[in-house]
Every structure is written in C-alpha cells, then in structure tokens.
Amino acid sequence: MSFSHVLLQLIQGLLAVALAPLVLGWVNQCRAWLQNRSAPSLLQPYRVLLKLLRKEIVLAHNASWLLRCAPYVVFACMVLAACIVPLVATDLPFSLAADVIALVGLFALARVFMALAAMDVGTAFGTLGSRREMLIAALAEPALLMVFFTPALIGHSTALPNIVETFTTGPLQLYPSMAFAAVAFIMVLLAENARIPVDNPSTHLELTMVHEAMLLEYSGRHLALMDWAHALKLMVYMAIGIALFLPWGIARPHDWLGVPLALIAMVVKLMAIGAGLALLETLAAKMRIFKVPEFLGMAFMLAVLGMLIHFLVEA
Amino acid sequence: MFWLALGLFGLAAPVERGRHARLFFSLSAIGGVVLTVVGLAGLGNWPQAMVLGLGLPDLPFHVRVDPLSSFFILLLGVASAAVSVFSAGYFERGGGGDIRLVCLQYHVFLASMVMVLVADDAYLFMVAWESMALASYFLVITDHRVAEIRRAGFIYLVVAHLGAIAILLAFGVLQLGQWTYTFDAMRNAPLSTGWGAVAFLLALIGFGAKAGFLPLHIWLPEAHPAAPSPVSALMSGVMLKTAVYGLLRVSFDLLQVQVWWWGVLALAVGLATAFYGAVFAAVQTDMKRLLAYSSIENIGVILTGVGLALVFHAYAMNLLAAVALAATLYHCLNHALFKTLLFLATGAVMHATRQRSLGKLGGLIGRMPWVAALALIGTLAIAGLPPLNGFVSEWLLFQSFLLSPGLPNSYLNMFIPIGTALLALVVALSGYVMVKFFGVVFLGLPREESLREAHDAGMAERVAMGWLAAWCVVLGLVPVLFLRALDPIFQLMVGATLRDSLDASSWMFVTAVSPEQASYSPIVFLLVIVAVIVLGGLGLRRWFSVQRRRAPAWDCGFGKRNARMQDTAEGYGQPIKQIFQVFLRLDRHHPSPFDPRPRYHSRIEDPIWERLYVPVARLVDRLSALVGVVQHGRIAVYLVYSFLTLLLLLALIL
Amino acid sequence: MTELLLVLCLPLIGAFTLGLRGDRPWAAEANASFSLLTLLAALALTARVMSLGPQVVLAELFFVDAFNVFLVALTAFVGFTTSLFSRVYMRVEQDRGRVTVRRLRLYHAMYQMFMFTMFLALLTNNVGILWVALEAATLATVLLVSLYRTPESIEAAWKYFILCGVGIAQALFGTILLYVAAERVLGAGGSALLWTHLYEVKDQLEPTVLGIAFVFLLVGYGTKVGLAPLHNWLPDAHAEGPTPISAVLSGLLLNVALYAVVRNKVLVDAAVGNHLPGYLMMGFGLLSVLVAAFFLYRQKDVKRLFAYSSIEHMGIATFAFGMGGPVAAFGGLLHMTAHSLTKSAIFFAVGHAVQKTGTQVMSDIRGLIHHSPAVGWGLMIGGIAILGIPPFGVFASEFIILTTAMRDHPWAAPVLLLGLGVAFAAIFTRLQAMVFGDTTAKRLPRPPALLPVFVHLLLVLVLGLYIPPYLAAWYRQAAAMIG
Amino acid sequence: MSTPLVGQIINLLAAVLLLIVFAMLAQRRLLRLIHLFALQGAVLTLNTLVVAVTLHQSHLYFSVILNLVLKVIVLPWILIRLVDRLDLRRDAESVGNLPLIMLVAVVLVILSFNVALPISELAGTMTRGTLGIAMASVLISFLMMITRRKAVAQVIGFLSMENGLFFAATSATYGMPMVVELGIALDVLVATFIFGIFFFQIRETFDSLDIRNLENLKDRE
C-alpha cells in the first residue's frame, strides 16, 4: 500500500464529504424545476449547514450523553462508508476493510445510534420516528441483501472493487438479471434515504414523518452533523448503485490518468441519478406507513427474480 | 490439568452448607477464570482422555478433552466467572430463596455442565446432562411459592426429560450392544445410513428440546423470567450452548457420514426458530421474556450455521463447511457473552427498581450510568453491529451463505439464498428488538415515580458486566487471532483448515475463504470512526465556539408533556404486531368510542402452545379417561380380565 | 447352611413370639430386632455364597445361587428398614386410635410371617414349595391390608385375596403341567420339581406342555407381579393398607413374584426354543408401562399414585427380562433392586407426609418442605429417583434397558418413550405440588423415622454412580444364568 | 381286575365330577352348594383311592386320607358352621343369565379338552384322558367365581377350583410330591379360615355378604 494509494483514499474521502451537500442541493433543484417552483441555489445546503454550526445548542433537560454522542458517531460512520465505496478508483486501501455486507452493517450502526438518540429525551415523536425507521430498515435489509446477491454471484465476490473489476474488464456483456437488481436497488434506496414515497424529507407534518421525527430534539452543530450525514448517506448509496450497475469509467488500479476521467464520469453519473431521483419523487406520492412493507416486498421479489434469472439464463 | 477447575467446582459444591455465600461465589469465579485459561490452552493441543473409577461395571466414566470441548469449556468459564462475581453481590442482597441451597445447586449446575462437556461415554454424558437439567430446575423454582414459577419449572423439566429420553435413544442407536457405550466405540461403529438418520433425528429432537428449537422452545420464555437473573443468564448463555455442543458432537464426531437433507432440515428448523424468536421478541413487554425470545432467535441462527456446515460437509466441500462452522462457534461464544451480559443487566435493574415489566421502566441511563453503558455495549453487540463481536459471526455466516451456490444441487442453489434473505430479516429485526429493549429501559423519562431513587449496581455487578463487555469488544476487534485459535476444531470436525485464508492477509482483516472474495476489518472501522469523531469534534470546537443551553424538550406547543406520553414497549412493538399478525395469536380489545374510561389491551400468546401442546394434553386426558374405565371396581370384571387373558394366551400358544 | 436355616427360622420364631406376646409395648422393638438378626444372617449367607459359590442343602430342599442370594439380601435389608419405619409409624397410628393393641399383635406376627414366606419362596429348591410360599404370602398380608377395618380396606383386602388366590391357582396348574413334563425326564417323585434338577434337563423337556404351562404360570404369578391387565388388586391393596405394608408389598412381594416368573421363563425358554416366552413377557411389560402411565395421569390419592408407578416399573423389569441376553437381564436385576429400594423409601416418606397432613388426597398435601424439610426433600428426591433421573440407580437400569431395547427391539422404543413421558409428567406435577408451595402440614407428636428413607436413597444414589465389583459380579452371574 | 375296567371307572368318576361342577355352577341355594362341594370332594377321594389301589402308589393313600379329612369333612363342616353363624341357611341368589353361562361353560369344556389333548398324549398315566375334565372343572369354577355375587359362593368356587387342580394332579401325574401336597393342603385350610374371618368382617361392615357392596374402590369418577 503505497503513499499514492493513501493519497487517493484521502482525496476520495474528503471529496465525498465535501460534495455530499452539493448532491442534495442538485436533487432539490431538479425537483423544484420539475414541480416548476423557483429552485433554491445549489449551495443552499452549505448555507444551512454553516448557519446551524454557528447556532447555539439547545438540549432537553433530561438529555443524556447518548444524545450528544450520536451525531458524531453517525457522521463518522457515513464518512467511513464514503471512504470504502469506490467512487473514482477501485484500489482504495480502505475498501479491503469492508465488503457490501460490512457496509450494510455500518449503515445499521449509524441507524441504531440515531434511533436510540431519538428515544433519549422521551418525546412521543422521537420514539415514533425511531420505531418507524427501524421497521423500514428491517424490511429493507433483506431486499438489499438479495440485490447484492446477484452481482456477488456474477463477480464471485462481495467486495465492491472486485465486482467493479469483473464488470469493467472483459467484453461488454448484458446481464438481464442486473436490470431487476437495479430496479430493486432503487426502491431500497428510496426507502433507506427517507425519500418519497416512503418518507418526505421536506415535511414536518407529524403523522407522516419518519426521519425528521428523529431529529426533532437536535439543534445547532448536532443537527448540522445529522443533516450532513444524511446527505452523505444518499451520496454513498448512489455511489454503490454506480459501482454495481454502471461502473464504467471508474479508474482501474495504477492508472493515474484514469482518475480525472473517473472524476468527470462520476459527476455526470451522480447528476444523472440525482435528476432521475427527483423525477421519481415528483411522480410518486407519499404512501401510508403500512403500505411500505408491500413496497419493499416488491423490491425483494424483484431482487429474487433477478437472482433466479441469473441461475436460469446466465449461469 | 482441567481437574483443577473441576475439582474446585466439585469441592465448592458439598461445602456449601456454610453461610459464606460470597466467599464461595468468588471461589467459583476464580474457578471460572481457571476454566477460561484451561479452555484457551486446550484449544491448541490434541485430545487427552482419562478414566475415572466411578460408573457402571465395565463402563467407568470416560473423560476426554478435545478442542471442541475445550472451546465450550472456555465459553463456560468466561460466562460463569462473570455470573459468579455477579451472584456474590446479587444473592447477598436477597435474591430470594435459601441462599445456601441456591449456592449448592448453583455449583452443582456449573459442575454438571463441565462434566457434560468433558464426558466421553454415553452414560456419563447422560448423568451429567440430567443433573444439569435437575440443578437448573431447582434454581428456576428458587422462589417456589409463586404458582407461575412452579408451572414454569414443571414445563421446563418435562420438556428437558423428554429430550433426555430422545438423546438416550439416540445413543441406543449409536451403540452396538454389549456395553459399547464409549464415544470411541461409537465413532468406529459401522452404521447404516438409515440408522444414522434415526440417530441424527433423535439427537436433533433431544438437543433441540434443551436448546429451544421450534417447536420445543415453549419452556424457554416461561423458565427464564421465572429464574433469578444470574441463573437465567447461565441457562441462556451457557446451558443452551451445551445442547449445541451435543448436537455438534453427535452429528460431526460420532456420526461418520452425513446426508445432505439432514443439513437442510437443520437449516430450515434453524431459520424458522430464528424468525419466530425475533418476531416474538419484538412484541414482548417483559424484559426477561424479551431476552428469552431473543435467545431463541440466536439459537436459531446458530442452528442455521450448523445446518449449512452439515450441507457443505455432506457434499465434501470441507473448506466451506469450516467457514460455516466457524460462524456457528463464534456465534455461540458471542451469544454466551452478550446474552449473559444483558441478563445480568436486567438483574441489576430489577434489584434497583423491583420492576420487570418494560411498561414501568425508563430513563435509567441517568440513575444507573454504569449499567446503562455496559448494557449499551451488549445491546450493540447482540444487534450485530460492527465493530463488535456479534457482527463478526453474522458476517461469517452471510459469507458462507453467499458461497452456497457452489453446491452441486440446483434446488439448494436457488433456495438457500432465499434463506439468506430470511436471515437478513432476522438480523434486522433483532436490531429492532434491541433498540426497543435499551431505549425503553434506559432512555426517555422514568415511567414510574419509584424509579427516581433507583441506585446504580454495586462493585461486584459492575466488574462482572465489565468483564463480559470487554470480551465483547476484544472478540469484535481481533477476530482473526481467535479464529486461528479455533482452527484445530475445524480440522477435527470437518477435516479442513482455515489457516491459509486467515493468514492470507494481515491480522487486521478477516477473510472467509480468500481476500478476493471478501474481507472485513473491525480495527479499521474503529480507528476511522474514532479518528473522525475526534478530528470532527476538535475542529468544531476550534472554529465554531458556541455555548450550550438546557431547555424543556420541544412538545409542539402542547405544554402538558409527561412520561406517560412517550411510547411504551407495547407501542414500540405495534408495527411488528401489525405486519406479522399471521404468526401471532393475539387477542386485542379496542375500547368503544363511547367508553367513558377507554382502555386498550392486547395479549400475545404462543400459537404453538395452543396448536400443539394443548391438543396433546387433551389427548392424554381423553386416553387416561378411557383407561380409567378399566379400573371398574367390580371384582367380577377383574376376574373376567384375567380369565380372558388366560384364554387369549392359550389361543395364542396353540 | 446354618445361616440359611437362621434366615428361614428367625422370622418364623419372630412370628410365633410376637403372635403370643405381640401386644406388649416392646413388640415394635422386638419386630425390628428380629428383622435385624435376619438381616445379619442374610449377610452372612451372602458372604458364604460369595466365597463358596452356589449351594444346595438339606436334602436338596433349599438352594442358593447368585440370582436368589442377592434377592435374599435385598429382602432382608428392606424388611429391616421397614420395621424401623413401622415402629414410629404404627405408634402414631396407635396414638390416633386407628389400630388397637390386639391388631398390633396381629400386625407384628404377620409381618414376620410375611418375611418368612418371602425367604421361603426365594430359597426353596422346589417349584411346588415356591407356589406354597407365595400363596402363604398372600394369606399373611391379606389380613394386614384390612387392618384398619374400614369398608375400603376390607374391600381392598377381599379383592386382593380373591384375585391373587385365583391367579395363584392358575400358577399351580402351570406347576402341575411342568411336573408332568419333568416327570417323563426325571421320573416320578420329588426330584422332578427341584430347580437344580430341572435346570440340568431343561432342554429335554416337552415344548408344547411347557408352552401351555408357561401361560398358566405367567398369568398366575403375573397377577402377583401386578402386570396389566391382572393388576387390579394392586392399587387398592397399596392404598388402603398400612403404609409399611404398602412398602413391603411394592418392595418385596412384587420382586419375589417376578423372580418366580423369571425362573420359570428360563426353563421354558430353553425347552421351547423359539423366543415366545420372551415376547409374551415383553408384551405384558409394555402393556403394563402404558396402562400404568395413563392411570398415573388421573390419580388423586398419593398411595395409589405410587402403587401405579410400581406397576410401571415392574412392567419395565418384565420387559427387560423378556428381551433376554446378559445386558438386558443385568438391567432388569438392577432395576428390581433400585426400584424396591427407592419405592419403599418413597412409601416411608409418603407415610409421614400423610400422617402430617392427615389425608391421602394429593390436592390437600401442600408445601411439605416448609414444616418438615426432611420429609419434603425425602419425597422429592425419592420421586426424582423413581422417575429415572440420574444420578440414581433407577436411571442406570433404565439407561441399559432403553438403549438395549433401541438396539434389539426398536419397535418397542416409541411405546416406552410414550409411557415414560406420560408417567413422568403425571408423577412430577403432583410431586412438585405436594413438596413445594404454601404448606398444609402440621407438627407431629413423634419425630419421623427418616433414617430409612435417606439410607435407601443413598444406596440408590450409589447404585447409580458406582456399583461395587462384588455386586456387579453377582449381577453378572445371575444375568448369565437367566439371560 | 383288568385295567380297562379301572380306566372306565375313573372316566366315569371324572364325568361325575364334571357333572357336579356344572351343578354347582347352576346351584342357587347356598347350602346345596356346600353339599355339592362336599360331594365333589368325596368323588375326588374315591377317584384317588381307585388309582391308589390299582397302582399301589403308596403316597397316594396318604393323599386319599388328606382329601377325605380336609375336603369331605373339615372344609364343608367349617362352611356349614359359618353359614349357621351368619344364618344364611335359606340364602339363595340369582345367578344371572343361566343358559348363557351354561353355554360358555360348554365352550370351556371343549376348549380345555383341546388344550389338554397334547399333554395327555404324552402323560404316561392311565388316567390321562381325564386331564381335560380337570382343566374344564378348573375353568368352570373360575367362571362360577365370576358369576356369583355372594362372598360365600365365590369362596366355594375358589375351593372347587382347588379340587379341580388336585384332580388334574392325580390324573396327569399320580399326584404331586408329598411336601407339596401338604403345603397346598395347609394353604387351603388357612385360606378357608381367613375367608371365614372375612365373612364376619364384611358382614359387620356392610351387614350383608353381597359383594356388590365391594365396588367403591375404582379409578373412574
């Protein structure tokens, strides 16, 4: 593991952390256009973060240390995730530290801390949010795992870099199974990142909110970290999607020239996916919480179908 | 060498008559530590056997320590050390029951578990096995004036005894008549596949009754809440594992050949058990019941691993079998650690609050910071979160699942992945359960006034829980070193070694079979997370210096917020109740809109109890009523019986 | 020789002395001391036999071999401990006015007489005398069953008398047939009924006759063993008689009757060749286990409960002997020993419990361990032992029997599993309720005689963990002889 | 005196015995029953005597005397005394469905003949033909015990069963060895005494000897 690798790793990590709010801003902008509202500027998320960082912190009387630690832990988890997913290049030192399953575990860690923190103060909303979040996650995880199964079968590995390798190297080959997996993945992504139709990120309407309900007790820098982590999570998910389903352009090991190209490719892909996400959110409507199991069950079915098709057609 | 520890238990047992319970418990704690060391040492070196003077004629007690048993001895040692230290404090502050008796039974319990692990012939094994059941039964009914506790104990012992008879019959199949009761003889016994299957099924039933496989689990949620917390900790943490040990011993060691469908059966039962336990744990409102169901779930996960290993081994894919086995054993140890830890935590909470119902607890993180912090580690570990130990075993298990498509059986190739999804669901649900457990007990506002003067646990308790928590962390951070230590077991059981895959990359990285396949490094996780937290924290303090203010929690302007408004355990489980209604037997009664004092109540019951056990009991009732008619009271009728018997036999013989 | 005569004569003398002087206050002690002397004589006898091997004495009238000598020792031992127990027990009954002094005289005399018949049955070399002794045993105990003169006790005694009388009559017929067959080989006269001679020619005896003879013998002696469906006298007699009598009935009489069956089975087996007698015994054994199990499930009276459990265990032993083979026979012998020790201990404990609570109805007996921990634990441990939970002797024998059954006769395993399972649940739920929970027991004027209880249980425990070599040697010889 | 004639005599006596057993089965009056029982004993004795005389079996003489004393004189005497003491002289009972019982008895006779056949073939005695009858009378006495409701009648059935057994012993073999004979006789005697005691106990507890009073101990609610 040479110095250049470490450098690459650092660059990618910082890049991801820096760009995450931008991606969020881009999605919001697209959505505003699609709903022909006048869009906020791309940098709006940064302004919000800055404002929150400057504000004082207000804590409830019975708030415990857990509430205060949670934001840091959650943020750290997301940073780590961003370091692991091959965004621009595959030979990242940290990518050895976790395959997709470990990645899921990492998200789970963040989620559990968030949910616990939400229960800390003991308001009705906090617990409501945490239990809904945990429920959605519980239902999303099997689907996510099935999504990972198909590429893992094709790439004979659960490590993202190797999967990327198998797809990028060698002749271009069409995998119908991957199409199913991709659709399923998008559905899971919507559920996991609190997007419409599962949750509405831009509402504080009590009875519908999930993710926001957990953040009600946060203020100041804690809230900032939480939001930032949330943005990071969305971006990491997108990056996973890219790595699995359209990995072309990610720099191979040891070709330093590929890195800038990879950067450009990444930006393009992220913009495309963001736009697509915004489109989906515009078309779909928020669903009742007890419709979510059906939604995720659908995702699960698609993923299983993908796997079976792989066995029947491609294997 | 392990006689030191065993002797200590054995010696501690009879001398109990004194009232120096504290001394004895700490003695046995030392014994536990010794056992830990012994177990660790025993992992490396090869089997060593010896013969005791006792036993049946021609069948003295054979004793043998091989890597497998020493692994479980290690497990027992770690857990029992903690529990003993804890009990030293717990029972002194009145755990209920006669302390001396409890002390005696407790040590008999420990000693018999050791004997189970080292037994090398069927008779000694059965003796130790049943003494274990008996001792634990007496411990369960320590507080026998309560009717439910007696009922729980009764159910427990009946199930245990039926299981024991099944195991006995399994040994009956394995032995070849003429006193060949030693395990060595059984190993070399030529056994037809059919008989092997019979033996395996009997063993599965017998050990399943003790471990709590579906549908033999019903005693578990009854007995665990009934017992004093340290006892439930031992039962759930260690005793269930002895059943796993027995199953492994029989299916991998004594039975020479495996057939693939055994593994599939075990796999199916395991997944069903795990799922069942997870769902029921999610809807419990009593913290010990919740933990009991979560034990069922974990045992299911372990059995799943055993099943996978069996399938792989049956197809002679020994390396993969080794991976599955590694996951299984690792999860055994993990569960022993964090489940014991959590049960001890509940013990501390019950001592402090005299409450067991989740509906009456809450907000204890302020009152009992130590217990809360240690319990949090246990919670994260059992929820299977990196970088703690629970995640390692789950990761390994998922890896071996992902490797299953290599099997030369296309049905399995397609079905086992779906099983993987079920496992994922279980894992996620266990996360749900644990958030509920910790959140409701320790977070939020205290739901009862009495909780305000709850006191934190004493020194002994803290030490005990700290020891377990430390193991959770260590096993989470350096799994590779530990897996290397386990390697002899794999060589012994499935004739494959994980050495090359473990040595392939540095000690920081776990790999299932090869680094290309997948790798995971908890150390990196921890380091990066800590680094980010520290840097982030410092940076924020450095550039944005803001002051912090305490204020009442935001109540949406409602103004009259109180503790009763926060979600109860019941409410927290409600979505699960809604979604998995088909699996539960719940009678709910909603208040009518005109009810002046509306009350909502719902009760969850185990459908298996209703659908399986009650009918059986009714059947026995009916049969015995039938038989009762025979005892007619009229002497003439009795004479007719013997008359007819005579004639019948005459007819038979002519 | 002398020991043997002592073993036989001491109880007889005891019977007569107590018959004459049994109404004196020292009668109970006299009873105990006679039993003690008998025990010593029996021990001497066993020592002799161990050193010199089997012997035939007194013009071939009596003989001792490995099989009956250990039963003699067992019988003498249980007889002694029971006399110790009955000393206290009957005193309390007397205080309560349930028995008069005259009846006590009868009681003691008949107790010794019963012991005599037991020893006679065990030691005699003559098939006919064996029959006579067993009939006499019935006669000796029947008046004890009706000792309290309550309607129930009289009814129980009557049933006991009639059923066993009829049954034993069948056994006599069987014996006659046996004689018929033997006479042709051994010639007329006494020698044709002597075990020692019969065993020498056992394979020359006429199969068909012996087959028929065995049916009659099995039905006859089986009635006394208490095999279903011939068992109906047993629960009544156990429940209504004085508890010491229940103890000796369960602990000794059943054993001796089974001894008679087994002796004949060996003979017939050799003659008939096919394994028919074995299968008959296995069938009876399994049936008894099942029937007893389901009866256990519906009992309300504590003594009836344990009476049925005796039926169950006799069934197991019969099954074991039916299977045959040295291992199974070993298990059977061990089971006889362990059962008679354990069951008599249980009856001692039950007796005290009943006296403490003043009722035999189990639902009224509660929380024994509060007022009298010793009795409570005695009952609990005894129950655990009899339920076949290690490390007690009953488990050891059941272990051998079950594993062998699983190996040789798998078809029987499910039946045994069902029977044992139901029996376990049935007994244990009552046991728990009686021992634990809140108490209904009262203090008693006299301290209970718990020494016998715990001595027995200790022995059973030892049997489960360590069978001394000489005992094992006995068993093995006996097993080789009958297996 | 030629053997066949003796054989005929013995068979005749055997037939008489069977007849008596049937009569007992049907007999309602208690006193008559006792008389029949005594008669049965007498025939038995006679039969034994014949065998003893013809075959000069010395020990059979002894059992002749034993029979005469015990079964013809003592037992009936005791029974009659009891009946007097319990004043049951006039006592009679209904014996269920008589034709049916008779039918069963006949079936029993056939059965026992067939069971006895193989045995009597190889029994070397000249009296072997009567073994079937002996077994039949045992089984019929059994049947009688089943059908009777009065304690005394039941006991008589029991005793006549003993007679049947004795008859079997003399017919299949020339009597059991002496010791056994003595022992059996002793047992029977004692048994009768104890039965007597029981009559009084039952009488004073239930003030009737009807054993339908003795049906309370049972395992069915």
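A, B, C and D label the chains in the order they appear, each numbered from 1.
In this section, contacts are C-beta pairs under 8 Å (C-beta built on N, C-alpha and C of every residue); 3 or more make two chains touch, one makes a residue touch a chain.
Keep in mind it's a predicted model, so treat the numbers as computed, not measured.
Asks: If subunit B were absent, into what connected groups would the remaining chains fall?
Replies: Taking subunit B away leaves these connected sets: A | C, D.
Asks: Count the C-beta contact pairs for B-C and for A-B, then tell me which is higher.
Replies: A-B
Asks: Taking mean CA positions as centres, which chain lies farthest from subunit A?
Replies: D
Asks: Provide the C-alpha centroid distance between subunit A and subunit C, rounded to the nearest whole angstrom.
Replies: 78
Asks: Could you please state the distance in Å, as a whole number, between where the Cα atoms of subunit B are centred and where those of subunit C are centred?
Replies: Averaging C-alpha atoms per chain gives centres 44 Å apart.
Asks: Provide the C-alpha centroid distance between subunit A and subunit B, rounded to the nearest whole angstrom.
Replies: 35
Asks: Please work out the Cα centroid separation of subunit C and subunit D, and write it as a whole number of Å.
Replies: Here the centre of subunit D sits 31 Å away from the centre of subunit C.
Asks: Which residue numbers or ranges of subunit B touch two or more of the other chains?
Replies: Subunit B, residues with two or more chain partners: 628, 630-631, 635, 639, 650, 654.
Asks: If I count partner chains per residue in subunit D, which residues reach a count of at least 2?
Replies: 115, 142, 145, 211, 214-217, 219
Asks: Among the chains present, which pairs are found to touch?
Replies: Contacting pairs: A-B, B-C, B-D, C-D.
Asks: So in the complex, which bits of subunit C are touching subunit D?
Replies: 126, 128-129, 131-132, 135-136, 139, 142-143, 146, 149, 151-152, 154-159, 161-162, 165-166, 169, 172-173, 176-177, 179-180, 183-184, 188-190, 192-193, 206, 208-209, 212, 235-236, 239-240, 295, 298-299, 304
Asks: Touching residues of subunit D toward subunit C in the complex: what are they?
Replies: 115, 118-119, 122-124, 135, 138, 142, 145, 151, 154, 158, 161-162, 165, 168-169, 172-174, 176-180, 183-184, 186-187, 190-191, 194-195, 197-198, 201-202, 205-206, 211, 213-217, 219
Asks: Residues of subunit C touching subunit B in their complex?
Replies: So the residues of subunit C in touch with subunit B come to 158-159, 162-163, 166-167, 170, 211-212, 214-216, 218-219, 223, 229-230, 232-233, 235, 276, 280, 291, 294-295, 297-298, 327, 384, 387, 389-391, 395-396, 399-400, 402-408, 413, 417, 420-422, 424-425, 428-429, 432-433, 436-438, 464-467, 469, 472, 475-476.
Asks: Help me check something: in the complex, which residues belonging to subunit B touch subunit C?
Replies: 53-58, 122-123, 126-127, 130-131, 133-134, 141, 144-145, 147, 150, 153-154, 157-158, 161-162, 165-166, 168-169, 171-173, 175-179, 181, 620-621, 623-628, 630-631, 635, 638-639, 641-642, 645-646, 649-650, 652-654
Asks: List the residues on subunit B that touch subunit A in their complex, please.
Replies: 362-363, 365-366, 376, 380, 383-386, 391, 394-395, 398-399, 402, 405, 410, 413-414, 417-418, 420-422, 424-425, 427-429, 431-432, 434-436, 438-440, 443-445, 505, 509, 515-521, 524-525, 528-530, 532-533, 536-537, 540, 544, 546-556, 561, 563, 565-567, 571-572, 574-576, 578-579
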